[in-house]
Each structure stands twice: as C-alpha cells, then as structure tokens.
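What follows is one structure encoded as structure tokens, with my remarks underneath.
In this document, chain identifiers A, B, C and D correspond to the written order of the chains, with residue numbering beginning at 1 in each.
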Amino acid sequence: MNAFVIGDAELCIGCQACMVACAQAHEKMPTAALNERETPFHSRITVVNAPEVTVAVQCRHCEDSPCARSCPVEAIVQKNAHIEVIKEKCIGCKSCVLACPFGAIKIIEDDMNCAAIFISPHDGTAHDRIEKAHFVVEKCDLCAGCGSPACVAICPAKALQLVEPDAIAQKIENRRIKNANRIRLYRSQLA
Amino acid sequence: MEGLSTTLGSGAMTNSIAELHTMGPGDTIFAIGTNTTECHPIIGIAMIKAVKRGAKLIVVDPRATTLTQHADVWLRLQPGSDVALLNAIAHVILQNGWEATEYIAKHTENFSEFKKIAARYFPYKAAEITGVPATLIKDAAKIIGQSRNVAIYYTMGVTQHTSGVDNVMAVSNIAVLTGNIGRAKTGVNPLRGQNNVQGACDMGALPDVLPGYQKVQKTDVREKFAKAWGVEIPEEQGLTVPSVLDGIEKGEVKAVYIFGENPLRSDPDINHVKHCLEKVELLIVQDIFLTETAQIADVVLPGAAFAEKDGTFTSTERRVQRVRKAIEPPGQCKPDWQILSELIAAMGYPAAYSHPQEIFEEMRQLTPSYNGISYARLENESLQWPCPTNDHPGTPILHVGSSIRGKARFVPADFRLPAELPDKEYPMMLTTGRVVAHYHTGTMTRRCWGLRGVAPYEMVEIHPEDAAALAIEDGDQISVSSRRGEVLAVAKVTTRVSPGLVFMTFHYSESSGNMLTNTACDPTTQTPELKVCAVAVRKVKSPGVHLADTGFLQQNTAPEGVFHQPALSNAPH
Amino acid sequence: MKTPIITIDQELCTGCGRCREICPVGAISGMPDTPHEVDSTRCILCGQCVQICSGYDSANETFATSRVERLKQRGMLPTVKEPLFAAHYRGDINAVVAALQQPDTFTIVQCAPAVRVAIGEEFGMPYGTLTPGKLSAALHALGFNRVYDTNFAADLTIMEEGAELINRIKNKGRLPMFTSCCPGWVKYVEDQHDDLLDHLSSCKSPQQMAGTLFKTYGAKLDGIDPAHVFSVAVMPCTCKKFECERPEMNSSGYQDVDLVITTRELAQLIKHCGIDFTSLPDEAFDNPLGCYTGAGNIFGATGGVMEAALRSACEMLTGTPLPSLELEYVRGEEGIRRATICHEGVELKVTIVAGLQYVGSVLEQVRRGEADFHFLEVMCCPMGCVSGGGQPKILLPAQRLEAHAGRKAGLYSHDKSLTVRKSHENPQIKKLYENFLGEPLGHEAHHLLHTDHQQNRRAV
Amino acid sequence: MNMPYRLNRFVIADPGKCIGCRVCEIACAAVHEKEQTPLTVGNMQNPVQPRLYLVRSVQGSVPIQCRHCEDAPCAAACPVLAITQKEDVIFVDESLCVGCKTCMLACPFGALKLVPVFENGLPVEQNLPLHPESQHQGGSTAGEKEEYKQLHVASKCDRCSGLAEPACVANCPQQALKVIQPERHLTMRMHEAALSLAAVARKYAS
C-alpha cells in the first residue's frame, strides 16, 4: 500500500507555502541560485483557492493508479511505496492528465538533452524552425529519498498530513472497535 | 486611527491576538473588511482554529475568501455600504434589547443620538443598499447581540473608503453598544498592514501628533519637546500624502523625503503621482531596493533591512519587540537612524547618537505610554504599550474599567455613497487588495523565487456572467480602464467576486491596480478610496500557443528595478 | 421476386442503429453493434436509411467481398469510385446502358422536378444549383431518343387531381382527399391504413401518368410501335423503383415505366461515359411531353403539390385567379402544417405533412371523422422529394439542412422565372386534352391516368 | 495554474457515447479533400482516408486519433523534419514526407498511417519508375498500364486547425467527441477534488 499526503479543507488557509516548499525541494538549489538562473517554477502540489473550498491537492499514489495504467509508453511505474515517473520515457501525450481524477499531474518543460522536435513558424519557410523544449510529466513523489514530504513540514496550519498505509489500517481498526462497543450498548434490544 | 481615537480615545488595537487561542463556544469573531487568511495568515489560522473549537464567525466581505468558507454568517455586501449594514445590525440589536444597557448607562455618552440614527436603518432598507438579505442581517445581529464576547477585527476593507472614518466609528458603535470593550476576547481590533506601522504612528509619523499621540497643537507638549530637542516646534499640522501632492502642484511643497514607501505604485492614480513627483524640485527616497519611486528620485539613500540593524518594531497589538542586527548591511547601506543623524548633523544640528538605544532613551522620557519600556527590559521580553513605569507589566487589553477618554462615545454616522460609482461608460466596480504571495508593490516578494512562482502575474478576478458577456475566457488577456488610466492583465474567471465586481491587486508593477484607483479620500483622514472605483473591462486577446507570449506583459514592463517574470522569460518564442 | 430494393449490407453495417431511429415505419431492427436488417413487409422504400447510413467500406478493415464484386451485386457501374455504404438501394443502371446500345429500341426518358436542382451537386456545383438545361443536354448526349419531363405529367396530375377534388367537394365525395403522388405514402396507406384507402386520390403519380402517355400518345405522335419503346424515369426517390413494377401499372398495354434510376445513378452514368456535365450547353426538353409550367416544377418540395393544386383548383372553382401565386402559407419545413384559403367566397382548408413519422396524428383525426380540412398532402421525406432517398447523399450531417434548403430554393426560383406558372395554362396540356384525352376525369383519362387502390389492394 | 505554456489541445472520444457509426471518419476524410466542392458521396472520388480510426470490439467502439504529444515521437523520429509543431498542432508537411514509415512505428497510439495519394479519383504518381515485372494492369482507367509508382505520404489528425471546430467533433451525432484543453481540464478536475476533500474534512474531521 502507498502512503500519500492529504489536505484538510477545514484547516487550510490557502497560503501556498506548500507549493513553494515543494518546488524548491525538487530543485536542490538555494533560492538565490534559483533567482539568478530564473529557473521555471513548478510545484507538484497545487492550492485550490475556490470560492467554496480552500485546500491543497496532490497525487494520492493510488494503488491501481489510472495515470500509470493510461500511459502508452509505461513511463509511470510503482516504485517502492509510491508511484514514480520515469522522465526519459515520457512523450507528453497527456493521457495521464485525462486519467487522473484529482488533476494532480502536470506536463512541464524539462531540459533533458535528447532529440527534440521542432516548431515551425506560422507561415515562415522550413529553414527558420526552432527546437521545442522537452515536455515531461511531473507529479508528487512524496519527496522519496529525502526524508518526510517538504509540504507537510512547512504547513503553518498543520493542514497537510502524511497518511502512512498502516496508519490507515490503524484508524479503521479503531473505528471498528468503537462501533463494536456501541453495539454492546444496545445489545439487549437485539435479543 | 482617527475614528477610534474619537470614540475610544486610542486608534490602536484594543486587545491582543493571543486571545483568539482561548476563544470557543459563546465567543464570536466579527471579521469585517479583512481577508485575514491572505493578509494576516497567522491570525487567520488562529481564527479558523477558534471556529473549529466552537466560536461563531461572522464575515463581512464582498468577495468569497477562505474566511467566508468557515463563516456562520457571510454578509456579502456591496463595497462601500458598510455604515448601512452596521447601523442595521445595531437597529436589530436595539429592537431586541440585546444591547448592554448597564454598560451603556455607566460608560458611554451620546447614546440617544446614536439610537435616533440607528432607528432609521430597518434591515429591509439596509438590504436594498448593501445587497445583503435582511434575514442574514438579523442572524448576524442575533449572534453579536447574544454572544458573551464579540471580538471585532477589521483592516483596509473598512478604512480605505471616502466614508472610512464613518465605517470605523460604526464598527466601534457596535462594540460599545454590546459592551464588548475592555475584556478578554472582545475589543475593536484594526490589523495593521506592515510590521511596524503601529510603531511608526506611535513615534509621531502622523501630521498632527508628536510621539505618543501627543497633539502638536498643545502648547505644553510643544514646549516639552522643544526643550528636549532644542528646536522650535511649529504649531500648525503637517500635510497628509494627498495634500503633499496638491502642495507640489501649487508649488508650495519644494522637497519630498520618502522612507520605505513606494507611492508611485501604492498610491491611487499613478499617473497623477508620477506627474507630481517628477515636478517636485527635490525628491529623496530612502529604501532597501531601487523601487519605481526611487528610480525617479534625485537622491537615493540605501537603507538597511530588518536583519541588518538594531532597534524595535511595534506589532499591530501594540507589542514592542527588539530587533537585533544579524549581518552587516551590504555596500553603502546604513540603518535609517544613522542616515538621519548624519543628515541632521550635516544640517548643522548636534545629533550625536551612537546606538538606537540612546534614541529610544531620549524618546521614552518624552512619551508617557512608552515611559516604562527600555532596552534592558526588552532584552528578554516584549511589552505592550501603554507601559507608563519601569515595573509596569504592559497593557494587553485597553479600556479595562473605563475607556482611555473616560466615557466611550457613540459617534453615529449616516450612509454615504462611494465617490465614483459604475456608470454607462465605466459599467463595472473595481475593488483592490492583496494576494497572500505578495506584499504591497512586490518590491521584496517579487524578488523571491518561490512567491513569484506561485503568483507570477496579475490575475484580474471577474465573474463568469460578466466574462461571458465580454467574450472573455479564463486566462485571456484583458484591459481594465478607468477615468485615470488603463492596465493590461490576465483574466481569472471566478465566482469569488459577485457579478459587476472586479478585483485586482497592486503588486505587479507592469499592471498595477493603482493605475486605475480614485484619489477621492475620506474628508478627515485623507485615506484614499482604494476599495471602490468605476472601471470598464474588455478583452485584448486569447493567449497564443504559449501563455509565455503574454508578451504584452513584457512590452510594458516596469522600469529596470523590478525583477521581471523568470518563469515566463525563458519560454521559447 | 426481384432482389429487394432497399437492403443493408451485413458486412459493412456496424450496428450503430441510426437507420433504425430514422425509419418512419420501424422496419429496421438489430441489436447495437450488430448488423441490422430491413423487414421488407413493413419497409415503404423511402430510402431515408440510405441517406443517413455511415457504415462504409473502410480501408482499415478487410471484407470478404471485394469492391468489384460488391459493385456488381448492387447493380452499379464498375467505374464508380464513391465509397459504398451498408444501407443501399438496388441499382438498375446496367439495363439502361444495354437499352441505349440497342439500335431498334426507342428510348424515352423523363426527369422528376427535384433531379434538376440536385444533380449539379454530384459534379461539384453548389447545393441546389438549378441545371435543367444541362440535364436535358446530358440525357441527349447519352443517346435517349426522346428527353421528356415528369413536370409535364405533374401539370397533368393537377388537372386530374384538381378536378377530382372539386368533384368530391361538389358531390359530397369522400373527404379529406389525400394526394397519391408519393409512392411510399400510398404503399404505407395500403399496408397499414387500408380503411382509409378511399381517401386517396385515384390519380396515378406524375411518373406513371407520363409513362402511360409515352407508350400511347407519345408513340402515336412519333409513329413508333409502343412495343419498341423503353421508358426510363430519373427520380430523386428509391420507392419509384417499386411503383413502376406494380402489376397494375400497365394502362398503356405495356409496363408503363420500364425502369427507374436515381439522381445518383444518372450522375454515375454521366461520369462513366466521360461527359463533362458542368460545361454542357443548355438544351430544352423535347416537345410536347417535355413542356411544363412553374406549378409542375415545385412538386419536388413539401407543399409544392398543394400550391400547384390550389393555383389551378381555386381558379377552376371560382373562375377568378388567385391574387398572388406565391402561396407562402403552404410552404415550410418538416412536420405538420395547416392552412385555410378563402377566395371569392370559397373556403378551402388544407393540411401538409412532410416526413411520414408525423402523419399518425392526422390519420387518427381523419379516422375519428374530426378532420376539418378538405385536402391532405403527404410526402414521406422530411423536405419532400428534394430530400428523397435517391438524391445525392450529403456526407456531413451538419450540412444536410443547408443542402435541402438550397434545393428547395432552386425549385421555387425556377418556378418564379417561368412565364407560365399555372398547370391548366400549359399549352401542351390543353392540346393533349383536345385531341387525345377529352376532358379531365373523362373515360379516356380515367382509363389511362387513374388507378383503383381498393382493387389493387385485393389483387396483391 | 502556473503551467506557463498552453499544451497542445487534442480530440478524444467518450467510449460510453460512441455508437461506432463512422460519421467521424467520413467527416474527417470529406473535410480534408483538396477542393471544397459540396461534400456529397458522388464527389468523394478519392478513397475515404480518415485521420482517425474507429476501433470496434466486444466492449463497444471508440475512434483513436493523434494526441498531439508535446514530445511527439513521430516528430522526433522523422528523418526529414516533415513532422513539426505549428501553433499547438503536430502536423505533417506532405511535401517533405518521403514515406519512410518510421513515424508509424514511433506512434504509441497507432494514430498515424502512410496513405496513397489520389486526386479526383486518380492515383497521383511520382517519378519513381516501376520495373516492367511489377507494371500491372489496373490503375484508374481500365487498360492503361502504370509506369510510375503512386505517391505515399504520412497522414495524421491536424485537428482541423483551419476550421472553427474539428469536423469529427462537429458531426458526431452522439456528441461523443470533444476537444480537450489540458489546462482547463486539470483546473476542473482539481476543483472537483478539492470539493470532495472539503466534504471529507467536514464530515470526518481527523
């Protein structure tokens, strides 16, 4: 079973600190350097600031994840305890964007150094074509390999929670025990 | 400031933020004109947690915000109609006898005058003016009337109107009417925008007062300061910002010295401000970055940031805290006190200070409310003024027992329309404000990679019905124009705003909302009406293949100083 | 029994069911995604399924039958390049080619009104282009001895049917009278509403009237032995193929109309013979049976028969012509339309139904005796014959309405451009009565131009 | 939504609605005919060559067509750069295509096909002579012998970029086909997810 991070709409104030933390955690460079290089900003968690709800949304690492199953080039795989993207295999076909019920998967520009495709100008001739940047899938990877998720750590309202698989089992177990006790209360009526 | 000082005797926040952590069932938070979760996130969190513990929350805001999602009653009013709404709430409270009769009798004055005015604001009539259903007004009034404690929080949404002072007094009237003053979990709490604006006002950075709100008209006050400073103190009041600009226009003001303020983007009608600041003979700007205003200054004095200087900041809840230098200011930057003392010396006055503590000592002898506060005490604690003596613990809650001015005064006010309403030529209403990622004109936050990442460019909120009528889709490039200028930005189609209302910020130099806002101000405090003006919106074009080619954002980029959009800049063209 | 006129190719049909939904008489059945079938006992051969079918011989699938074999099975010319669809009609073009090649057969051809506003489309001309001249020229080029026109017989039908209407009104005959020119509608009444058969006008359809005349009056004029006459009709309709094969259609002593081909089949033949249709000079239809009035020409549109009938009947009933010939109130779109005409004290109530699926409620009204109208025009196809089963098939559903509207406009503009616009003023019709038929509803006219539906019903 | 680029839009069919009627194939082929005469079956002298392909199976039918991938494998594979991106469409410049079929192998969706080129019913020939042995009867008009090989080019969906709406989308009787604009789709999905989170939070406050 995969762990996942879940947002609590009753606590989240939409401050987007999680988005900044996530983006920076995956760039592995101090912000000053990021500023200098004007690195594009891509966060794998997105705060939905809608009139009716304010909450952060990201990948749930589904056990039979629609995105992985929809990928025609099998670039999304189960790796250890999370669903991982193999960047090099992705062709930017966006099937996963359609497949993900949470919209928690994006296609972003990447600087992989392999054969690129070209953009031809609207009406120009063939020779002034330019190389198009690479586009690959990006989604939450639970900060696998670098400790606990950066978003959970930064959230000032403690609205993000890393739900471990056994934690889920534990919670369900507790609920069963509570209900078992409740039944005992009205046992006499059942007889 | 002006409103509260007339009604209660002090313009500052009456209670402390920590009280929010103790609020629960029986308590009510009344948030009016404050998008707290975006503009004061930590206070916003405390409010939401209080609601989760069982406190009631009433929110007055024309826009849907995170706060409104947790509100028990959301009074979604027409911008600028606060007085009508508040008077109607008072009307319902009086009608049902929920007012604190015994407190009113003992501690207030001018109640009969207030009752006469409030009697006229029937809920159904207020509903027509504010657009808020009468039933909701009654629900809110019931909660406010019957709660043990009601803490009122407000910010620019109340003050930045031509009826700004009336709004504040109407808020105060509610508190006084229900006796919610001078107790924990109550009070009238304006939340300050910047981290030390309370400290600046305390130190007399206002036209009519010297440090400690001591009126400059009082001769004894002037003599006290004159003796201490060894200079004559002029009697007439100073100029407010709008009157400074008029002064330049009329040739009376020859020089302007601007501290840590960027009027060329934060004041309304930027074209007018630009005209004046370019016309004035001498413009000095002291700031930590080369802001838009600094770029047209004659003299730029590089100041030091918070981590590069010693001193004190006074937070919105009147808490004075020590700020200690961690690193040396870069290049020619100096702390503000050092620049000023060198300037004073250069102008021939003896100003030999070697450390902010000396300045603080000189100030606290002259300022009763700060008298008991000293660097020594601040070494390991923070104090909330007034703190008259060295052993005084500070005052978390004002007006305990009786209000500072003796009796709390009801100051009734009638509803007045905003200065500029939508008409045929400018059919929509614009209200301005902030997004959580950026701070005022973006001088600091737009230089931070992460914040620029989550909020790269201006997104004008427009209602789906208005957008459809103008054939505008989410993400389209649109133009918003008013009688004072035109701005290009990206449209965000959302029901956060109501039909006919458009929302913009002033963070983005290349498409600043203040290019459009109205200079009309509150007659008493001259606070400009930034929350209401009439605009027209039209579609420019749908973004091409790449949103990056929102080239129009690049074409009219602000002068060099502002960091432009990295996220967009390296897109292939 | 000859091969059925409308069938669904089991190999090409994908089972999408759109034909099942459009069939006005529910003659098509099948489970989704499985090949559908036509029940020939219920089918009225209107061909709307052929128009809507989109299951074609896709190059991405391999079919047991080769294209060459499939063309032969469908009676189509080998040179046809069009895609072949599942629902199709029986092709009869090869018999025409054979007849044209026999020197001693005297080939006569007639064209329906709706053909001249649609055939141009098969050669790249915009929807509804009016090309009567080029149509006649093409038929001459193909070698037809006489190129006559169904429009002439349309005028004749108005004379007979108008007279029959007046006769029924005056002598308390069975009212309301139903039109009988749409063969699908006639077959529908015979199959499913035979209690109302006597409402049907006894007139034959213009096609059959023309066919009868070709082998009697026409043959006499040209001094030809009717046995050598091969009579072909070019129709926008697939049910006309069934009508000409009806056993009772032999009043001329021979099968009145030997063969019916559709607008599409004629276009395929023109392409097969390498004739460049668009650059043909205009030629007139041969006289006398090719001369027609504006009234005859608008038969192709829904409300056209009614308008032509009213233009003549009102004048014949009252002696004074109608103030205007543009009877807008009978023109219109798919569905049921009602109108009342008051002229010189005479009040005529009429109903027009376009699209057989709408006729049920009107027939119930008639059956309950509550029909307050005198004359009912019914056309199976949604916009009348311009939208017939044999018309050029529109590929994009989004353009179907545009095509039908264009063709209807073509008919009405042609009518407006003609000098003679009332059937009873057709000079050749007058001459026909003077020296051949006598007077309308007369003995000779009755023998040649009328048919007894009740008697036919028992015979079949 | 701070994906700074608008991703390529593409057409996709809802298998639940598709009845397998092939109108989309007909519409696609008809609209891509060179001259825009009225689109009647009579005018379809060239074989029907749609750029989307109906797949019929036991579970029902659905058309498959190009997804206009951002890193289109077909474009990457094309040795003569005949396949490039113009505006937000991956399109084939037929004048450059040499018919090497690599793109057919590269496309993971099978949405690309090499097709023979026809013009008003006749095969378009290229100056590639046929060896006498492989010159066989047939060709367009019976009897004439083919001397040159017919031209072939790669054919794929170009999303009818010249039209207001793709022909397949406009003509599908079941409205099963629609144009996906990835960013809008994502925003909509995220909003729904947020709403479901709100419901969860409110009911089962952790």
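By our rule, contacts are C-beta pairs under 8 Å (C-beta built on N, C-alpha and C of every residue); 3 or more make two chains touch, one makes a residue touch a chain.
Quick caveat, the model's predicted, so the values are computed rather than measured.
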item	value
Chain pair with the greatest number of C-beta contact pairs	A-D
Geometric centre distance via CA averages, chain B-chain A, whole Å	37
Intercentroid distance (Cα basis), chain D paired with chain B, Å	57
Chain A-chain D separation of Cα centroids, rounded to whole Å	31
Inter-chain centre distance, chain A versus chain C - centres from mean C-alpha coordinates, in Å	66
Where chain B touches two or more other chains at once, by residue number	52, 69, 453-454, 456, 567, 571
Residue numbers of chain D (touch at least two other chains)	1-5, 87, 187, 198, 205
Pairs of chains satisfying the touch condition	A-B, A-D, B-D, C-D
Residue numbers on chain A that touch chain B, as the complex places them	9-16, 19-21, 23-24, 31, 34-35, 38-43, 47, 49-54, 109, 119, 130-133, 156-157
Touching residues on chain D, where the partner in the complex is chain C	19-23, 25-27, 30-31, 35, 37-50, 53-54, 56, 60-61, 121, 142, 167, 170-171, 173
Chain B contact footprint on chain D (complex, rising order)	1-6, 87-88, 183-184, 187, 198, 205
Residue ranges of chain D touching chain A (in the complex, touch as defined)	1-5, 7-8, 10, 12, 67, 69-73, 75-76, 81, 83-87, 90, 93, 96, 108-109, 180, 182, 185-195, 197-198, 200-202, 205-206
Touch list for chain A against partner chain D, complex	6-11, 40-43, 46, 48, 50, 52-55, 57, 72-73, 90-95, 97-98, 100-104, 106-109, 115-122, 126, 129, 132, 134-136, 161
